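Naming follows writing order (A, B and C), and every chain is counted from residue 1.
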Amino acid sequence: MNIWERMLNIDRRWIFLSIGVVSIIPFLTKIGLPVSTTEEVEDIFTYIDSLGKENAIFISFDFDPGTQAENMPMGVAVMRHAFHNHVPVFLTAYTPLGHGMAGGALDYVTRPSTPGYYTSVDFDEWADIRNAGITDRDELEAAWEEAGNVLPDDSHGWVFEGRDFVYLGYAPLFHLVILGMTSSIETQYPSDAHDNPLSEMPILREHKSLREVDLAVTTSGSSACTAWVIYGREKIGLPVAFGVTAVSATDYYPYIQSGQIIGQMGGLRGAAEYEVLLQQNGITETTDKAFTGMDVQSADHLLIIFFIIMGNIAYFMGGFHRKKQLKGGR
Amino acid sequence: MRKDWIGIPALGILLLLASFAAAQDAVEEMTQDADPRPGEMMEDTAGVEGTQLQPAVEGVPEEPGPALDVPGAITVEDKDNDAGDQLVVCFEPPADTSGVFAYNVYRRKAGETGEVSWNLVKIIPVLGPTLFIDGYDPEYPIEPGTRYEYRVASVSLEGEEYFGEPQVAQAVPAGELYHTGKTKVLIAGGLFIFLIFYYFGKAQRGRQMYLRPIAGIEAIDEAIGRATEMGKPVLYVPGLSTISDVATIASLTILGRVAKKVAQYQTPLMVPNRDPIVYTVADEAVKQAYLEAGRPDAFDPDSVFFLTDSQFAFVAGVNGIMMREKPATNFYLGMFWAESLLLAETGSLTGAIQIAGTDAVTQLPFFITTCDYTLIGEELYAASAYLGREPKQIGAVKGQDACKGIIMAFITIAFVLSILDMVADTETLEWVRRIVTVPIVD
Amino acid sequence: MKRTVPLMIVMVGGILMMVQYFIPHQYSQAVFDSYVSWAPIIAAFALILGVGSLTRVHAHKIRRKAENWQYSWAVLIPLYAMPVLAHIWPVSLSGGMDEPSIFHFLFMHIQVPIQATMFSMLAFYIASAAFRAFRAKSALATVLLLAAVIVMLGQVPIGDLIAKWFPQIGLWILRYPNLAAKRAIMLGVGFGILATNLKIIFGVERNWLGGAGK
């Protein structure tokens, strides 16, 4: 076996090891390569930026923990954007494990240890203000602060459960749930994940069905995202935006061209672009996890290209291109 | 027989639930007829919904402002293509809108009396459209065949309402028996169905039809034979989707054929499943295949099993099976997502012959690079026609081809038109597009 | 009889749903609504079958002391422990740090990392598969190889550093040539689905009911 043959039949564990090493180094060094934004992501950003407290969006965590490295930053970034603009947010999940992902994202955005967090006010905590008939977003915040509550210095703002967000979570056969929500959200979710009755929530009183919702952002690691197009977009014209893993991003370009979705965040890059847009527009001070991850991805892509080049050099130098069949490196 | 015992109580509970649901529906219907929830309506009218647009004047005594001009005539039409649960409402805005903040639209059943019977069904900002579709609010649904009465109020900045004249709706909501917006779908669907049936018939009459050989399908027997020679099992993954996915159904069809062959050769078979319903059908398919192969005794009840419904836990499970049992042949046929490469690469690591097939376009490159044979897209659906060689099955494949021919013709025409439009600066393509495109319906 | 009844149900159900699509009337809507209500209930019952199957397979393994039977306990114990824990400590999954529960702990610190690990293996496998697959064996394979390299570089910030137009070419490849091929396959798939559905509804395709024969 000559050197070229040995190179072609390299034990794949060496490849695995190189990928492992190259993936870890950028985390330690933090290069911070600049990320430019694309039209697909800018469209989502601009659309959400045009919404206000009278509108509402759904962020659906339609993925399992497996793809959370890619999907979670998308959900988090959109949630931050909505919270900043006081756009009410419904949080849902396509799978049982997605339920935990939605909760995890909310927890992350409202946890004091997260830079630029939002201070969450539980539904019960502001019951007195609600019972006094104050549900308008600005009045609510004024009344809440008048009651002696002070926003921590490092917090980006208040978010009121039932007014700014509601955590609905998972419901079985979610595609049918979407269909049901086109008529009524409350019939599909009589209470939220914390057992608060939806009927008492201002967010629901103003947005009773998907017809009264302005956008659904689905973050998905499978084809679950298409359910929002089939049952939301095609049935009632609900605007939909996708946040999908890089591996399936190419699948959904037809939806952009046909105008069925307003935009798409593809993989970690898409999430990083959204983080960059948030930072550029002063919505967050810094970028987040997706942006950091892009250094890793750059290094990995370069390594894969290096392997492809080396493979081809060995292929031609070893004269294998003259042979009919080449056995792979099993 | 193993799991038949589950079926009996399950069926019992299903029937019980059905009768309970029917009884509940009947009670609800009676309650709705008898009581239109007047108390609730009043509360809702004055409740949260109203406050959204009313400026807050908490603690400040309200002073009635000058009287506002009130909205004029209300016209109500039945909405087309609905289930009789929507009405198109339009009202004339007041001539003078100064001081008007919004309009409140109220509805009640015609003939009802008392202030309490009015429901606030819509709040429209002063500059908003005065035509809207009523019936979307799940709290105040419109009942088919019921005549309603409407009134519209001008709302001042202070929240004072100045009502126009109530107006009994000119139209009664009624459901339609045909959705006129779906005619294009009906024509196209009808044409394609006709073509498929036409070729069914042609094949049935004994007309010989040529099918292009597909290497992946022809390799199935060889792959099973290899496993038999090596005395190792065959692994069959029927995709990760549900039974409602056509790829899964196509896969289960092939599973039946593979299981029959496996039964004849007496090779062990393993079929891990992600979906419980797919598991049940796969189990039945394999059992039946063993029966038809004349080897019901060789059927191992543990050969078809449910693993987990979690995507990556399933992959971990199947990869574990591959590494431990070292199957000689792996089939991945059905719907796959990001797990395709994880499965196929592990399979290639164990040195198995691998045949994959999926209609998930994004996953095809992964299968093509790591598997020996790959069925691309519709080849997966055509597999049962190839394997069975039944005339109707082959006819269906030919019917599909004819349908594709029509689409190709359309694409070619559109291509030519787009070039002509570019040269002659016309808009013929746009005109054709308007004829062909189906708008959002419902 | 065992086959005729299910085939009749499929045929009637299939035709009913097809026709229902074109009829917006309230009775037609009621049929559809009842389907929407029933489907989750049936799916829930199917889960019992799945869990039953998993339990049976692993119970057999343990009873027979088959190879690696100890690991079957690792399947069965969490399978039943997680739902039990969720009901004993039904704290919301979003509880976070201030509302710890065993269920939450197991979910966040075992299930999530394990699943993330499985997905991250994709990076390793893609590298290995790319190394073996991307060879300039022919003119077409060379085009494929070059397209892959451009898209890969265009998707990461390095591409921007090489040249501003680099990511644009990558996007162009994704938006046009890639989409054209994809649409062609999708059209074929669409008609395949139509034909398969018709075969099932009209009983031409029966193998999904079980059995490889007619």
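As a working rule, a contact is a pair of C-beta atoms (placed from the backbone, for glycine too) under 8 Å apart; a residue touches a chain by one contact, two chains touch by 3 or more.
If you're wondering where the values come from, they're calculated on a predicted model, not measured in any experiment.
Engineer: Which of the chain pairs holds the record for C-beta pairs in contact?
Structural biologist: Highest contact count among chain pairs: B-C.
Engineer: Quick one: which chain's Cα centre is the longest way from subunit A's?
Structural biologist: Relative to subunit A, the chain whose C-alpha centre sits farthest away is B.
Engineer: Centroid from C-alpha atoms only, then distance subunit A to subunit B, rounded to Å. What do you get?
Structural biologist: 23
Engineer: Distance between subunit B and subunit C based on Cα centroids, please, to the nearest Å.
Structural biologist: About 15 Å, centre to centre.
Engineer: So what's the Cα centroid distance for subunit A and subunit C, whole Å?
Structural biologist: Whole-Å distance between the two chain centres: 19.
Engineer: On subunit B, where are the residues touching two or more other chains?
Structural biologist: Where subunit B meets two or more other chains at a single residue, that happens at 310-312, 338, 361.
Engineer: Residues of subunit C touching 2+ other chains?
Structural biologist: 43, 114-115, 118-119, 122, 126, 128, 130, 132, 182, 186
Engineer: Which residues belonging to subunit A are in contact with no fewer than two other chains?
Structural biologist: Residues 12, 64-67, 97, 221, 247, 250-251, 328.
Engineer: Taking the touch rule as given, give the residues of subunit B at its contact with subunit C in the complex, in rising order.
Structural biologist: Of all residues in subunit B, those touching subunit C are 2-3, 6, 10, 13-14, 17, 21, 81-85, 144, 175-179, 182, 185-186, 192-193, 196-197, 200, 246, 249-250, 252-253, 256-257, 259-260, 273, 275-277, 279-281, 283-285, 287-289, 291-292, 301-302, 304-313, 315-316, 324, 338, 341-342, 345, 359, 361, 364, 366, 368-370, 376-378, 380-382, 384, 390, 392-393, 396-397, 399-400, 403-404, 407.
Engineer: Within their complex, state which residues of subunit A touch subunit C.
Structural biologist: 10, 12, 15-16, 18-20, 23, 33-36, 38, 64-69, 97, 99-100, 102-104, 106-107, 111, 167, 169, 172-173, 176, 179-180, 193-194, 221, 246-247, 249-251, 253-254, 257, 267, 269, 294-295, 297-298, 300-305, 307-308, 310-312, 315-316, 321, 326, 328-329
Engineer: Applying the document's contact rule, which stretches of subunit C touch subunit B when the two form their complex?
Structural biologist: Going by the criterion above, the answer is residues 21-29, 37, 41-43, 45-54, 56-57, 60, 67-68, 114-115, 118-119, 121-122, 125-126, 128-130, 132-133, 182, 185-189, 191-200, 204-205, 207-214.
Engineer: Give the list of subunit B residues in touch with subunit A in this complex.
Structural biologist: Subunit B residues touching subunit A: 47-49, 51-52, 56, 58, 136-139, 310-312, 337-338, 348-349, 351, 360-362, 440, 442.
Engineer: Of all residues in subunit A, which touch subunit B in the complex?
Structural biologist: Answer in residue numbers: 12, 54, 64-67, 97, 132-136, 139, 183-184, 186-187, 202, 205-206, 208-209, 211-212, 221-223, 233-237, 245, 247-248, 250-251, 328, 330.
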